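Can you keep this structure in mind? I'll have questions shortly.
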Amino acid sequence: RSAEMAKLTQLIDNEVFRAYATYATIVLLKMMLMSLVTAYFRITRKAFANPEDTASFGKGESAKKYLRSDPDVERVRRGHLNDLENIVPFLGIGLLYALSGPELSTALLHFRIFAGARVAHTLAYLIPLPQPGRGLSWAVGYAVTISMAYKVLKVAYL
Amino acid sequence: RSAEMAKLTQLIDNEVFRAYATYATIVLLKMMLMSLVTAYFRITRKAFANPEDTASFGKGESAKKYLRSDPDVERVRRGHLNDLENIVPFLGIGLLYALSGPELSTALLHFRIFAGARVAHTLAYLIPLPQPGRGLSWAVGYAVTISMAYKVLKVAYL
Amino acid sequence: RSAEMAKLTQLIDNEVFRAYATYATIVLLKMMLMSLVTAYFRITRKAFANPEDTASFGKGESAKKYLRSDPDVERVRRGHLNDLENIVPFLGIGLLYALSGPELSTALLHFRIFAGARVAHTLAYLIPLPQPGRGLSWAVGYAVTISMAYKVLKVAYL
């Protein structure tokens, strides 16, 4: 059993895999933060999606008016969905890339630029910054993922 | 080749990894169930999103009236999206956590509480239960994921 | 260190894992393509979700009219969300399935049918094809994922 464990921990002892573990966890935590930001705006803007969420504001019509959409809430939700659309590919392709034997420095470059781009994307969405701020940060993360996918397909398929 | 296979199956033979495989599959199947529940409500409430989905109800105006949103359909869809937002972090962070060498009993505790919390969240959303039922079940799953992320970062980064 | 690397690359040298890497990357790239299709329709239909995205069309009221939803944009977005709902389970369950020691031919059959079904689903959504075209392609991908989940639970749990 301890030999088996040794095998397993070899994965997390590998430097590239450890870098992946670190940055994948960071971008996932950043994405999870969007839930808290959504909750914050729903409560401060009093804009909810479910009747049971407004029950504490009173009964009947007085609570019903809080069942509404709010521009700030919708903005955070769009940012959250954009995270899902872009972080899911990073998680899957990044894991396979980490297992494809890249140089540590190259892998770190990919992971760090992706994580930085997604943090920039969130800031650009929430502040909000004028375009092309948000568009560029999105494109950088997208390009990094494509670059890793290219390496995975080259190693796995050819 | 059989030696190589033996290496691979060591991963699934490891008890912690096997626990992860079991609970990750269970929460993903639970999430997939939301598609069937959405389809059930779309058909019984006759509320569709695409013109081609209403073609069997007749032509032109008579079918067009079924292109509408329905509170029950929207409720299931919100539950489905909340699953995506929370189960994706669990999948990624949970996998890295399983590879970080936790005690089996600690890992099982994390995986089981998360899976239970997500089942409770779905029930709270669909019945629906009064708040803070849904909020608490969401928070428990969230806290479990944060706890695993802390362990991953400690092992991977420090 | 090179011995450690050898261990790691064994994973990507394994034929079943390499097949998973290839098809997981393909379906993720397909999903990422939906972002570009959304951007294409947003720009050609002039239908945006954020005020800062319409700033290049002028100031004030003249730009505000482009803050609207468009049927073609919404159609692509529904297809993108459906991808997330179905490709996330494939990624997670497929990875565990690839590690559960299936026959290469059986694994390839699962991965190829899933990838084909998702490409067909996207075409059925975007053209759009009359039902049950889209429904069937969705169901095929769903059934393949259930089949892999069954194998994972059998190997991991029993």
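Letters A, B and C mark the chains in the order given here, with residues in each chain numbered from 1 onward.
Note that a residue touches a chain if its C-beta (ideal position, glycine included) is under 8 Å from a C-beta of that chain, and two chains touch if they have at least 3 such contacts.
Note that the structure is predicted; figures quoted are calculated from it, not measured.
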Could you check if the interface between copies chain A and chain B is built from the same residues on both sides, meaning over half shared, or from different ones?
different
Rotating chain B onto its identical copy chain C by a Cα superposition takes an angle, to the nearest 5 degrees, of 120
Taking each chain's centre as its mean C-alpha position, how far apart are chain A and chain B in Å?
16
Could you tell me which residues belong to chain B and also touch two or more other chains?
7, 11, 81, 84, 88, 91, 95
Along chain C, where are the residues that touch chain A in the complex?
4-5, 7-9, 11-12, 18, 21-22, 24-25, 28-29, 31-32, 34-35, 49-50, 52-53, 55-56, 80-81, 84, 87-88, 91, 95
Chain B partner contacts - residues on chain C that touch it in the complex
7, 10-11, 13-14, 16-17, 75, 78, 81, 84-86, 88-89, 91-93, 95-96, 99-101, 128-131, 134, 138, 142, 145-146, 149, 152-153, 155-157
